[in-house]
Amino acid sequence: MIDALGGYGVATVHEAQDRAGLLAAYMRPIYPGAAISGSAITVLVPPGDNWMVHVAVEVCRPGDVLVVAPSSPSSNGYFGDLLATSLKARGVRGLIMDAGVRDVATLTEMKFPVWSKAIWAQGTVKASLGSVNVPIICAGLHIEPGDVIVADDDGVVAVGRAAAAKVADAAKQRVANEEEKRKRLAAGELSLDLYDMRDKLAKLGLEYR
Amino acid sequence: MIDALGGYGVATVHEAQDRAGLLAAYMRPIYPGAAISGSAITVLVPPGDNWMVHVAVEVCRPGDVLVVAPSSPSSNGYFGDLLATSLKARGVRGLIMDAGVRDVATLTEMKFPVWSKAIWAQGTVKASLGSVNVPIICAGLHIEPGDVIVADDDGVVAVGRAAAAKVADAAKQRVANEEEKRKRLAAGELSLDLYDMRDKLAKLGLEYR
Amino acid sequence: MIDALGGYGVATVHEAQDRAGLLAAYMRPIYPGAAISGSAITVLVPPGDNWMVHVAVEVCRPGDVLVVAPSSPSSNGYFGDLLATSLKARGVRGLIMDAGVRDVATLTEMKFPVWSKAIWAQGTVKASLGSVNVPIICAGLHIEPGDVIVADDDGVVAVGRAAAAKVADAAKQRVANEEEKRKRLAAGELSLDLYDMRDKLAKLGLEYR
Amino acid sequence: MIDALGGYGVATVHEAQDRAGLLAAYMRPIYPGAAISGSAITVLVPPGDNWMVHVAVEVCRPGDVLVVAPSSPSSNGYFGDLLATSLKARGVRGLIMDAGVRDVATLTEMKFPVWSKAIWAQGTVKASLGSVNVPIICAGLHIEPGDVIVADDDGVVAVGRAAAAKVADAAKQRVANEEEKRKRLAAGELSLDLYDMRDKLAKLGLEYR
Amino acid sequence: MIDALGGYGVATVHEAQDRAGLLAAYMRPIYPGAAISGSAITVLVPPGDNWMVHVAVEVCRPGDVLVVAPSSPSSNGYFGDLLATSLKARGVRGLIMDAGVRDVATLTEMKFPVWSKAIWAQGTVKASLGSVNVPIICAGLHIEPGDVIVADDDGVVAVGRAAAAKVADAAKQRVANEEEKRKRLAAGELSLDLYDMRDKLAKLGLEYR
Amino acid sequence: MIDALGGYGVATVHEAQDRAGLLAAYMRPIYPGAAISGSAITVLVPPGDNWMVHVAVEVCRPGDVLVVAPSSPSSNGYFGDLLATSLKARGVRGLIMDAGVRDVATLTEMKFPVWSKAIWAQGTVKASLGSVNVPIICAGLHIEPGDVIVADDDGVVAVGRAAAAKVADAAKQRVANEEEKRKRLAAGELSLDLYDMRDKLAKLGLEYR
């Protein structure tokens, strides 16, 4: 089901979930074209301290996505190519980082996808503890360990485990409907007609001059 | 004349217009290399509500550029691949969106160029009216329906219809001058000499130590 | 030594310098993949006035990097393809601009690398003086003329001339160590073990549940 | 009529004008409690250059409000206590500055009200021309010379001269209605009932659980 | 217990809760000196649409605090003096608004305390539904209906109902300790000695030159 | 001389120093009306860690101003009423904090002036070292220990020790000139005439229509 949700993409999954579950618009991929889905391993880190990211690697399994959030805002580069090498060795599909990352040229070569708030080389310390696999707020969204993460060029969306099947069904339905619509729109039909909007607009008082 | 202005590009047209007419620096293309020009169809939309974009499609003709601004700031994804399919079918050359867009991977494949404030999947509703082809403020610029829009990797510039011929002439002149300058600069001549700046700088008190 | 530092890259040089010397995270390359190093020619410019950039060209020599900062924040496009042509003719390796640049499509074709705060066509005047080769604050960092600048996809770092040899040594050491680590991490070893972190974490009270 | 509009306040005038005409939310008063209205004298200034503000003083008359916008974003302190002394001597009621101001302690003592984007001492030069009494974009709004400006703790709103009488009437109506509503709400009546909202909400599907 | 938590203030409650539970730093009081605590009534609103705030009034009881968050970022003025009159009539202690408010001069006179992201007169519509008393993300924090809200000049903190007693105890302890410390610090004792920091600092390598 | 500079205020000292030395516009006082000057004790702190502030207290002497900057951006509340009590006991005149502070209601009662980037209760740890009395970048300005700090409602300016006497003289001159100007402007004379600007404006091409 995680792969199915990944196949529908962020915008469709978000709509299928009643327009909920998106991370903030500032979360951008470090290179275009990446698209992943996976199960969230969450990490709460102190500002400027990436020690808990190292701790979290141990609990990652194939198919997981690492989701990291600082306890107060930070743009430091918490993550680079060595950590990516380690995560890749464990089958992790990508990283969602509500802070900065670095070594992005190497990460791009490695095709290790990352969505982050910033790209910045500023180093971190290893001095204070945080938490792994606890509920976190990442880029304005409440995320639980095990939530399904879908990320692509449109951003990042999370789906609660309990809702995943229902959301996948709604997404499937939505995609099926869109194919037909796309053809009719490409042939020049107007969405005003396709969606029967003219009456509703007229009732609200839309005037053509 | 619209195509001529497009050929000169944003920076040249902006200079030819006495350094006026630029949209804010946050308006960025969703993929590099796009460059368009066209006649503005303007749309004023409520925050988080894209209904009027659907209404505006009907008035678009080949060669137009759709220019959308919310009545208060929004980063929602007002526009995706279905609307792009519809606009493409009508010969629209691109979109200027002072808010968010989504489905950018598909828009990139379709080569439908968009300049926007954000890329974000956050959906919109269809509940309230706005206006089509009224004067709007888009990314800090006052735009009238029918203004000539030029957009490329440097951003977006608008030229009033009445001024378009004059601006195109000034741009043509500017480009003609630049070719000669480019050669002399490439050969090692200094712009200090090329533009006769040394005297003016000396009068203002520039000292070399 | 400047080329050696460039070879290590921004993140490594920053760490080798005890995590100091980075410009702010908002300084981004205008195209991916550029990586340069060079000796800083510094320029202090008034807001919206690029006259001193023209003055600075004269003092540039092969291997230099031009570093420009406004006396108060500006996103204007201080720099375009004509200035780049001139700098390229003088062997300058790139530009660090704590403001805006324009003509980025042409700069990308020319392969003239630029790191800037903004891409914006907004023009500048030539009315007021500034200073060349004085200490400046560029994107939050104090830079002296002659500082070594290293810039790549991770951002921009500066190294004082006096410290350059020592930093290059530390960077060399760091890179040598990383190769071995990368192999072990790729083979599945955990950084928790590679860096002997488990004891320190336990002492601070890390609990596994 | 200008005084009448000032009496209704920003929020009421904005609503009476069909929710149009507000400057951006970042325009804040330098001290609480100020409330003015007046006729706009507009000034377009270069970034970091306040010369045209001095030029504009000459055209100000009693009852005017000076409205200043830079041609590209600036937070410099364009205005201080000397200019305020001059404006006060001419009967000007206040300043709307889409940039910075300084000497705010003295301005507060003088009770010269200012709404600005920033408070910053950064000085300006007097080197380049701008324009007085031309249409400008100030904090995201298109303002014409002679527009009625109303400013208070809620921000700044502008009303076109031609619309001023109609807006004043609508504002008067609105205020008259509000007094009765305020009493009923203070007595515990719900706005759901006062505005007959329950049916409309039910039709849209509101459920109580 | 809610009043006890209010008495300790935001900073103390936040520390007593292991440094968790703060809303983002951009949430500021509309006038200085306000300090409240209460039980959260949560409201999820569409961007630019305040209809659900009216719906929420009905469920408010004495001692509650209304906590409102938009489903995507907005600075519109969702709340003014009429809604405040209504809430005051129902004994509500204040408002936490992750968006804009208006009529702040009147709200200040009424002594109705508000913490908000913005002060802006921009009006809202009443066109779309949202939700009352569901979990929301407000200014970066996950808030459940019934959470204890404490707000003062330092910002806003939320405490889960289940944890409230424990947090109040920890806060009480903390305050008791601070009184003694304050006296010793006022008498000139150094916190380095008061907290026995010198040894730990020396072990980490602190050097005095 | 420090007191003399304080008496002239931030705007005058900044101008007397050739428009240099200002901290960024985001540095604001926690209450209006505070105005101080003093000798800088500088502190470089890790993000989210205030340990070095405690260390710095020991080196503070009467007449000093504590100037704190994090090594990467932070809005955490590094400073509250206990540290203020300690600094007050040592005769420190105020705090310049390029991060957050808390307990601002108490700091206001104590009349301990603070200029900061944010007001936020978010706590800090005591885990990592920084440096005291080293050159720092604070809010975009390079500050050396012992620099003279002047702060008031207009922001914060720093003057290097070596330049202090010269700057104080220039400031004195400036203030002397302003008194006469203020009177003439108050009497209705125009600054255009007072500063003999008309000729220069005419030469640049200013036209009156």
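Labels A, B, C, D, E and F are assigned to the chains in the order they are written; within every chain, residues are numbered from 1.
Criterion: contacts are C-beta pairs under 8 Å (C-beta built on N, C-alpha and C of every residue); 3 or more make two chains touch, one makes a residue touch a chain.
Being a predicted model, the structure only gives us computed values, none of them experimental.
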Can you name the chains that touch chain A as well as chain B? C, E
Hop distance check: chain A to chain D, minimum number of steps through touching chains? 2
How would you label the chain B and chain D contact, same or different, if same means the shared numbers make up over half of all numbers there? same
Option in D-F, B-E or C-D whose residue-number contact pairs overlap A-B by over half: D-F
Mean-CA-position distance for chain E and chain C (Å): 41
Just how far, in Å, is the C-alpha centre of chain E from the one of chain A? 29
What residues in chain A touch two or more of the other chains? 19, 71, 75, 122, 128
How do the chains pair up in terms of touching? List each pair. A-B, A-C, A-E, A-F, B-C, B-D, B-E, C-D, C-F, D-E, D-F, E-F
For chain C, which residues are in contact with chain B within the complex? 31, 51, 54-55, 57-58, 75, 77, 80-83, 85-86, 88-90, 100, 102-105, 108, 118-123, 126, 128-129
Would you mind writing out the residues of chain E in touch with chain F in their complex? 9-11, 14-15, 19, 22, 25, 28, 32-33, 35, 152-155, 157, 178, 181-182, 185-188, 190-192, 195, 197, 201, 204-206
Residue numbers of chain C touching chain F in their complex, please. 19-20, 71, 135, 137, 140-142
Write out the stretch or stretches of chain F touching chain A in their complex. 46-49, 71-76, 122, 125, 127-128
